[in-house]
Structures are given as structure tokens and as C-alpha cells.
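As written, the chain order gives the labels A, B, C and D, with residue 1 at the start of each chain.
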Amino acid sequence: MVEPQLPRYADLPKADGGARSGWHLFGADDQVGLMNLQTPERIAAAAALVHSGEVYPLGATLGQPDPPLFGRGAPRRTQLEPRESWYFDDVHDNLFPQAGSQWDALGHIGFREGEFYNGATADDIRGGRRNTIEHWARRGIVGRGILLDLQATAPEAYDPASSKAFSVDDLERARIAAGVEYQPGDIVMLRTGFLEHNVTSDVASRKSQSVRTTLKAPGIEHTEEMAEYVWNTHASAFVGDNPTVEVWPPDERPEAWPFGYLHYMLIGQFGLGLGELWWLKDLADACTADGRHEFFVSSAPTDAPGAVGSMANAIAIR
Amino acid sequence: MVEPQLPRYADLPKADGGARSGWHLFGADDQVGLMNLQTPERIAAAAALVHSGEVYPLGATLGQPDPPLFGRGAPRRTQLEPRESWYFDDVHDNLFPQAGSQWDALGHIGFREGEFYNGATADDIRGGRRNTIEHWARRGIVGRGILLDLQATAPEAYDPASSKAFSVDDLERARIAAGVEYQPGDIVMLRTGFLEHNVTSDVASRKSQSVRTTLKAPGIEHTEEMAEYVWNTHASAFVGDNPTVEVWPPDERPEAWPFGYLHYMLIGQFGLGLGELWWLKDLADACTADGRHEFFVSSAPTDAPGAVGSMANAIAIR
Amino acid sequence: MVEPQLPRYADLPKADGGARSGWHLFGADDQVGLMNLQTPERIAAAAALVHSGEVYPLGATLGQPDPPLFGRGAPRRTQLEPRESWYFDDVHDNLFPQAGSQWDALGHIGFREGEFYNGATADDIRGGRRNTIEHWARRGIVGRGILLDLQATAPEAYDPASSKAFSVDDLERARIAAGVEYQPGDIVMLRTGFLEHNVTSDVASRKSQSVRTTLKAPGIEHTEEMAEYVWNTHASAFVGDNPTVEVWPPDERPEAWPFGYLHYMLIGQFGLGLGELWWLKDLADACTADGRHEFFVSSAPTDAPGAVGSMANAIAIR
Amino acid sequence: MVEPQLPRYADLPKADGGARSGWHLFGADDQVGLMNLQTPERIAAAAALVHSGEVYPLGATLGQPDPPLFGRGAPRRTQLEPRESWYFDDVHDNLFPQAGSQWDALGHIGFREGEFYNGATADDIRGGRRNTIEHWARRGIVGRGILLDLQATAPEAYDPASSKAFSVDDLERARIAAGVEYQPGDIVMLRTGFLEHNVTSDVASRKSQSVRTTLKAPGIEHTEEMAEYVWNTHASAFVGDNPTVEVWPPDERPEAWPFGYLHYMLIGQFGLGLGELWWLKDLADACTADGRHEFFVSSAPTDAPGAVGSMANAIAIR
């Protein structure tokens, strides 16, 4: 497929709720969305960003956050000693791929109930017919990453366990501080400080964060202005060290739809990759140390047919 | 740590059973083995091998081979529809990370019963104190990959479901055909044709392959000459599209130890990364098509503390 | 429902394959089959069989046979120490209720592919709409048990790991030795010696038994004569200490249908409860010791909606 | 072992915290506690209580309460269609035996941290060496049940989702209304109305009940007077349709120990069987209807070596 010239948000067709629609730009049958922008040319160019050869795994230790958020379960690993021989083996149970550092597939959530990216239905997702993770897994997620350190560039310090909402200005400030311009297909990483704060908090705090109704987390504001900004970057993915990239809690009142919970737009209309709860601390510190905020990113989602997400399995290389 | 000048096999200290020992070359406490050779300089050089920007995920679809080999279980995924909202979620049970495309950690198997790489004990592995996968996960596995197409360069066609043993000469023939020289830290990939044959076989054949005593698979021969050759490449990892890199079945008679089952040497003495059951077909075909057999490889093992293996989560980029 | 006067086998309507049909005797919508014969009157009478107050749990230890038969998995239990307090808790994974002492529900297998007891379809079972275990669970399985010791009364000793087929004469001999007459609603228990042999065998033998194609087990012969005999007992359930009550292997050739694998008739046409792999040794020894071969039986299958079997959860009281 | 003449509470040896100790009455190595009182004589006598032959399974449907209480997980069942043939099979994951109708084993919780019934240590429980469920499973739990309908006999109606504490007078009132005297070895069942209320509540209420800190449930008061009363019944088990038999929340302040959370005494000192979240509604209604409040009870806990609890697997027969 020849890549289309992506329109600006203001030029996208209108959708319900005052929104704009990113559907069908890559064809009626497309199910990888903005990942289409990760073209071989851009990937090759991104590889050229590797200078020092430093490697930053971006996945938190399995089992973090502990307890998991949103009622997901904690993984159980059993070590086996098969009797055929004297080696060790493992088996994982209760492994929620989206309980830790993760990708939301385009089937994870839609524009509204029953209506998913590019017009897929809930039964399409249940049946694994559209928008599920294997389509990303089979192409890999590879490209240029840029890191915007929202925490370091915030005008005032904030509590990383609060509902701090970052505005377009905040993102622009961080981008300018990083010295980068957006390029189509980028994997944009936002450091808010949430995860590093969570893993160093006491049990009571972590338990409070694990509950949907008491969780508070910084993230991008849920406004149409922010949706427009995100689209106009023409990124393939936005990634945060926070639970949902956007500020938590969302505004789930019907009258706030579809911008009150930006997932509806980002995943359901834009087909944007969202990476959540990634471990960005070490990478961000390295970016700060030498001022290079762009790098190469490689992620291999699990090729689990019909699944709506995956562990991140991601690495940045500078 | 300054990288040591690695000796040739013949210059390694002697170990029991007529073997040579790779222990302690990276320090008495080392638990990542030859992955130490993946230095920033080599990683940066490997990134420069990306030319066309083609991406090759190297993990087979979750659930393949089906049934799994060696009595491992088949993964179960349950799709959830949490009642808090109308999104989808997944949970995996019975997920054996080593049932499909995988890494063996250095705690997976030892030089002999109770004696693991660098002197770790069985209790060290049980307790997750040494040699387990998180130590690789936290540095990532990144470097130069080279592909040796043993199937395409074999002088005579063979049955990819047979116990075809590849000799040093076979590997050299494939290497020369690939036009590559070994470099320290390489991730050496061997295509034997096993996995692509397995996934296209009928149920009866796959069931037969799933049983340890009836499985036959091509791979490198289990001889000291082969052990010596592998060591002298100074690779960080050997990866196959077959169950154990080496030919199956091994020779597990006591008098054949430690070369009859080369895992004892490769993992237990050398600290070599072994990748098994990787999906190499598409990558190999691409290498054949344009003659470029070296490329960039990135893998993010799961940071599961105490685990003895991981899904491969690997990608090659050319 | 008033209990029907059950016909003799020879008076049942004809079914395909030369068989007789037990369908619809308890109504077109019935899904508990011959368990209907466990009436309050019979249960009360059975309770009067308790004399000495000895209790015999009839479930083998969880995890036996080890390995499980027919490719079922071994259970995994994880002990948890919740951080809320200092108590212990458990969670079971990979728990196949039919891997050990068990009940086959009427949805477990049918008369033929797609045709289950009383005319249920495969989709009825998949959807949990008919014949699944909760219907037995919600009435309990309670009644008079009688034990026929086929092993002790066999004219010649046999290998309990062989395909010894018991004839109608063999059952009659055991029944007469037990000094009992069949009564409607009985839970008839057959001791063959299989399970006690399995759990005391070496690993190699148990592994061989675990594989469907190498398993051999004594049990009732698969003939129409045996089907007729079983029906004419008007028992509610037949229970064995062997894998399938009937001799293993079955004769699965199309021309042997439906008597070659007696499950087709016993479950699919008769709606008979089949209990398998029960621990009958201690009970049988007690029966032999004092000559009382009838007793009270109580079982509480798990009320798991849609499931096709359950752990036995059964006790005999004498 | 000859059954000891059990002392009254006031004559038990003193224990720390002003408590009395039930340890060692059945020997220093005993690990079944008051279940020892279920003697053959009493079991035979209990069987004579069966008159009408009505059967009451006492386990709630698997998956209830939904969500489970105390952070336990919801069970997952996968229906399998093995390819060897066309039958159905099941496997359960994430099955917490104590999430629904259940038994607490004597290893579930102790008198205080690290000190369990009869002097077992936490490591004894972790290692499955003492007090775990298989010891009850291998003798079965069988005897005379009596039902005290605390809800029906309460002087004033109460909210079954409130922390209504029942006093000794309340229990005596219910006992007298039931027309029964306690007998050694009894299984005393207390109907509070909690579970039937839970399963008919809306999702929001059930979610609130599922959280330890917001759960409220009626039950016996946590006082020494109540402990004394319970002991003096010389029952083998107390069973409730509520989460912990006693009122929830407990008083976990150190100064309230060991009576503030009566489990410490009932399990840790007395070795009493506690059954929780049993489905008592239908049984209680039947008792009310004809005034017979004593009956026969049979339960077959799962013989899971090392486990600290079991599904109830219990049936009452009247």
C-alpha cells in the first residue's frame, strides 16, 4: 500500500459527538492503524539514531505494579522440575498481559460500545476477526522513539500519584526541551513519573492505586485540543509510564464523550498504538544526561491470535 | 568490567569428563555468560547493518508447535469483558514460555545435575538467586545476527523431521555461502527447516513430534569438535528453528557425557544463549533473496524474576 | 414427576446401530437421566444401611494418577500469603476435574458425534444449555451403593494394568459373592484394582498408562449383552476404580459402533452416571472383611454451570 | 485413640491473652482437632436422622459470591474439545477453593502469627507438614447437622449486609426454637441470610461487599463469652452462610487479641472446623417448614496435600 498523505485533524471527516474520524485512511480492511506509518524507510532512518549502543529495556519487572491496577490479577509462576531429566522449566498462570508494561491492541476499546477502530464490531473482537494483537505482532513495532520528559520540564513539581493533567503547552514545552520535531511514525514516549513512584510506594498506597475508583495518575488532558495535537504529530504510537497515557480518572459522563476518555478517540478513531506502564525512568535519565532524546525502538508483541493486548517486550537503543 | 580477551577452546581450563570450562571468565559472580560480549560498541555497529528497514518478527504464533514438545502444555487465553466498562481484556493460563519460540536461561539446565553455569547450584536456581532470566531481561539481548541456512546449503536434501546431524563442515559451508565471518557477540541463527515443517504437518505427525521419545529433529551434532567450534565463534547466542539447536535425540548415556547432550556444555560451561523454535523462515528467505545474511537483532526477554526461560520476543531488522 | 416404570432393555425403542434408546423416559427436557431414580424414598432407605458409622472417602489424592491419563494436565496449587494479614490461602490452576476421581456429566460424550443424551446437540453442550454438571450438582448424588469386587472374585488372577474384559458372568459372580440384589437407583461400584496398581507403579509404567494409545485397563466388556445387563440393573450410576468403567482400549472402528465404546450407550443413550478412577480399595477391603457390600453413598459434584464433569467428592458410609 | 472427656471451657488450661487452650487434648500430634469427635457411633446415629430422604446440596454455584470476597479471584473454566475424539472436557484455572462455599483447614489461620493449632509453625503450614486439608479429607466430614436460623428467630429484622453481631442469647433463642440440644461432634449451621442476600444484590453492592474494608456481614460476636459458648457445645464444626461465621469486620487491634477476631480462638486454639459461605437457604426453609432442625451431613473435602482449605462439597440429608 502506498502511504497516504495524512490530513491534519481539522481536515478529517466528522464523526459523531463532534469528533473527527481517522477511519479508512489506510483502507476499509486495515487493522493496524497508524502503525502503517512505520515504513521501511523510516525504520532504516531510525536505526541510524543508534550511536552509543546503550540498551534500555522498557518493561517493568513482571508483577509490577503490585497489586495490578483495574482489578487485573497478579501473575503466578510455577517452577517445574520435569522428571524426564534434571532441568528446570516454568509455567505462568493468571498472566494478564496488560497488567504491566503493555500495548493496547486496537480491539481493546472502541470509539463507543460495540464500535471499534475502522468499524469493527464487538463480535469481531470477541471472535478475533479484526483489530487484535497478532496483526501488530506479525509486523513488529519498530521505529524512531522520542522521549518527552513531562516531569522534568513541568513548571512546577507535582505529585506523580495525582491527577495532574498535561496540556498541549506542557507537551510542547517538553518537546522543545528535548530538541526534537515530530516525524510521521514516531513512537512518542511520555515520562510522568507514575510508575517509578508506584514501585517505590508503600503497600497501602499501591493498594489504593490499584483500585479504579481511588487511582489517580498524571497524563495528557482529555480534550479535543489534545486529541488534535496527538493526531497532528502523525505518530504511530504514544507511550507512557502511566496507566493510560492520559490523566486518570477519565470523565466518563455521557456528555463528555468522546473526549472525556481520550482512549475513545486515540484507539477507536485514530488507530493509534498506546503503550502503558512502561519503564521509562532509566531511558529518560539517559536522555537528560546527554541531551539526545531520539533513539531506536524495537518491540515484539506476542503473536497471540485474538488477544487485545500484549506485554510491551520493548527496548530502546541509543 | 573490561571485556576479557576470550581464549580459544583449546586454551580453556579443563573440566570433568574431558571437557573445557568457560566459567569465571567474566568473574565469579557473573550470571549472564557470553551475553557480556554484547557490548555497546558492537551493538552500535550492529545497528549500522540496517539498510532496507525490513522487519522480521522471529516468534512463532503462540501455541505453536501444537501440541507443544516435551510434555509442555498448550496456552489458554480467556477473553474478559470487565463489567466496569465495555472494553476487552485477556488473561493467559498454562503459558509455558519455553513451549514456543524461546530463550533458555542459564538456569534452565546445567553442566551436570546440581551444577550450573559458573558454579550455581540447583538450589540457587530454585531460589532464583543465580542465572535466571531477569539478568538477561534487564540488559536486553541486542546485537548482530547472522543467518546460516543449513537447509539450503546442505549437499543433499534431508527430512526436516529427521535426526539430521550437522557437522562443523556443514556449518562452515553455510557460513561461507552466507559470506560472513564470525564476530564476538554474534547471535548466530541456524535454519534447519524444522519449525516450518512442523506447523504444516498433519496432526498425527505433530503429536508424534510432541513426544520426547518419538521426536526427531535436525541440529548440530553433539561432539566435542562441535562444542569447540561453537566456542571459538565467540558468539553470544546460537539460535535455531529447531527444538534444541542441536540434533534430537541427544545421547544421554553416562559415558557420552558431557558432549552427548551439548546443552551441558553450551549452557552449563559456556554460558551461551540458546534460542529455540524461532521462526526463521521469512528471515532466511529474505537473506537468500538479496544475499545479505547479517542484520540487527533485538530481543526483550520477560523480566520474570527467578524464571529459567522466556518467550523470544525477538525481531530482526535488515 | 412420577417415576416411570422403567422397561427392560429388550423393550426399549430401537435406536440406530442396532441399539436401544433410553431417551425421553423422564421427559423430553430431562437432563439428569437415571439419577432420577434416586428418589427420596430410596435415599431414606439407603441411609438405613449405615450401621457401624465407618466413613470411606472415595476420592484419590488430587494429582493421581500421575501423570494424568488421556493428556489431561496435572493440577498446580499455589499457596498464597495475603498481605492483609498473616493467613494462608490457596489457588488451583490447571485443574482438570476429570483427571482424577470423577463424574462424567451427560454432556461429556454422546451417542455419536453431535448427538447427546435425550437429543442434545454439541452446541447445547458448548453453550451449557443441556446435560451439564450443575443439574446433578443441584440435586446431589445420594443413594445406596453396592460394591462388586471383580478383582477378588475373578476365577483367575489378572494383571490390573491389562485389558481384562469382564463379562456379564463375571459381574454376576461378583454380585452373588457380595450377596446383593440390584435395586433401582443403585450406585454400583466395580473394583478392578486399576487405580491402586497405578499409584504404586513406577514412573515409567505410569507414564505409559497416561498415554491413550498405550493405556491398558480392565473393565466391563463392550458388548450389547453388557449394555443390556447394565440397563436392566436400573442403577443410577456405575462407578469404577478404572479409567472408563469399561475395558480400555475401546473398539472405535465405525463398524463396532455403538457398542465398541460403551460410553456411547451408557452416557449417550441411557443417561447413566459414570464415576471413574474412584478410590475403592479401602471400601472394598472393608466390605470383604465383614461381608456387608451395601452402604450409603453421598457425593456433591461441583456446581459449575456448563461443565461436563466434576471431581467425585464422594463418600461411602457403612 | 479413645476419645477424651472434653473439659468445659472454664477448665481448659490458660493460654496467652487471657484465653483458654484446646491444644493437645487429642494428642500432641493431632491435626484434625474437634473433627475427632465425629466418631463412628455418632455418625451411625446421625444417619438415623434421615427420614424423608430429601437432599440439600450446601454449595453455592461456583463463582459466587461474584466478585469474590477478600481479593480472591474468580474461577475460569475452559471447555476443551480434545482432538482425539469428539468429547468435551474442562479445565479450571484461578480456582480459589475458599472463594465460595468452603472449609477453612486448621492451617488457614492460627492463634497468632506463626503459631497454629496444636503448636504448628508457619513453616509447618508452608511445607504442608501439619494441619492441612488432606487430614480432614482422608476421614471425611460426616455427622449430625443442626440448623440454627438466626435470621428467622431474631427479635428484630436486620439488614443481612450489616455488621449484625449475634450474642449467646441469640444463639440460644435459635437453638430453643429449633428444639435441639447440642451433642458432641455436631456440625452447627447458622443461617444469617448473608449469602442469599449477596447473590440477589446488584453489582455495585456485591463489589462493595467484595472489598475487605467495605464488607459488612452478620455473624457471631467476637467475645470470650461467645468463644466459651462455642467450645462448650463440643461441636466439631460451625458453619455459616456468611463470610467468616463471625461478624465482619473483626476487631484486629492488638489489644482486642485473641477474641477480637474469633478465628484466632476457634481455629487456632480449638481446632474447630469452620465452614463459610454455605448455601443454607433451602435447607433452612425446609427445617422451618416441618420443624425438623437436625439432619445428616456429609462432606468430602478435596484431598489436596498441603492445602489450607477446600470447597465445601457438602450435602445435608433429612
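Keep this in mind: a residue touches a chain if its C-beta (ideal position, glycine included) is under 8 Å from a C-beta of that chain, and two chains touch if they have at least 3 such contacts.
A quick map from chain label to UniProt name: A, B, C, D = Cyclase family protein.
Here the structure is a predicted model, which is why all the values come from computation and not from measurement.
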| item | value |
| --- | --- |
| Set of chains adjacent to chain C (Cyclase family protein) and to chain D (Cyclase family protein) | A, B |
| Repeat of the C-D interface, chosen from A-D, A-B or A-C (over half of contact pairs identical by residue number) | A-B |
| Remotest chain, chain B (Cyclase family protein) as reference, centres from CA atoms | D |
| Separation of chain B (Cyclase family protein) from chain C (Cyclase family protein), taking each centre as the mean of its C-alpha atoms, in whole Å | 47 |
| Distance between the centres, which are taken as Cα means, of chain D (Cyclase family protein) and chain B (Cyclase family protein), whole angstrom | 52 |
| Distance from the mean Cα position of chain B (Cyclase family protein) to that of chain A (Cyclase family protein), given in whole angstrom | 30 |
| Touching two or more other chains - residues of chain B (Cyclase family protein) | 73, 91, 93-94 |
| Residues of chain C (Cyclase family protein) defined as touching chain B (Cyclase family protein) within the complex | 73, 93-94 |
| List of chain B (Cyclase family protein) residues in touch with chain D (Cyclase family protein) within their complex | 76, 78, 83, 91, 93-94, 203 |
| Chain D (Cyclase family protein) - residues contacting chain C (Cyclase family protein), complex | 38-45, 47-48, 50-63, 70-73, 75, 77, 79, 82, 84-98, 107-110, 113-114, 122, 125-126, 134, 137-140, 142, 212, 252, 296, 298-300, 302-309, 311-315, 317 |
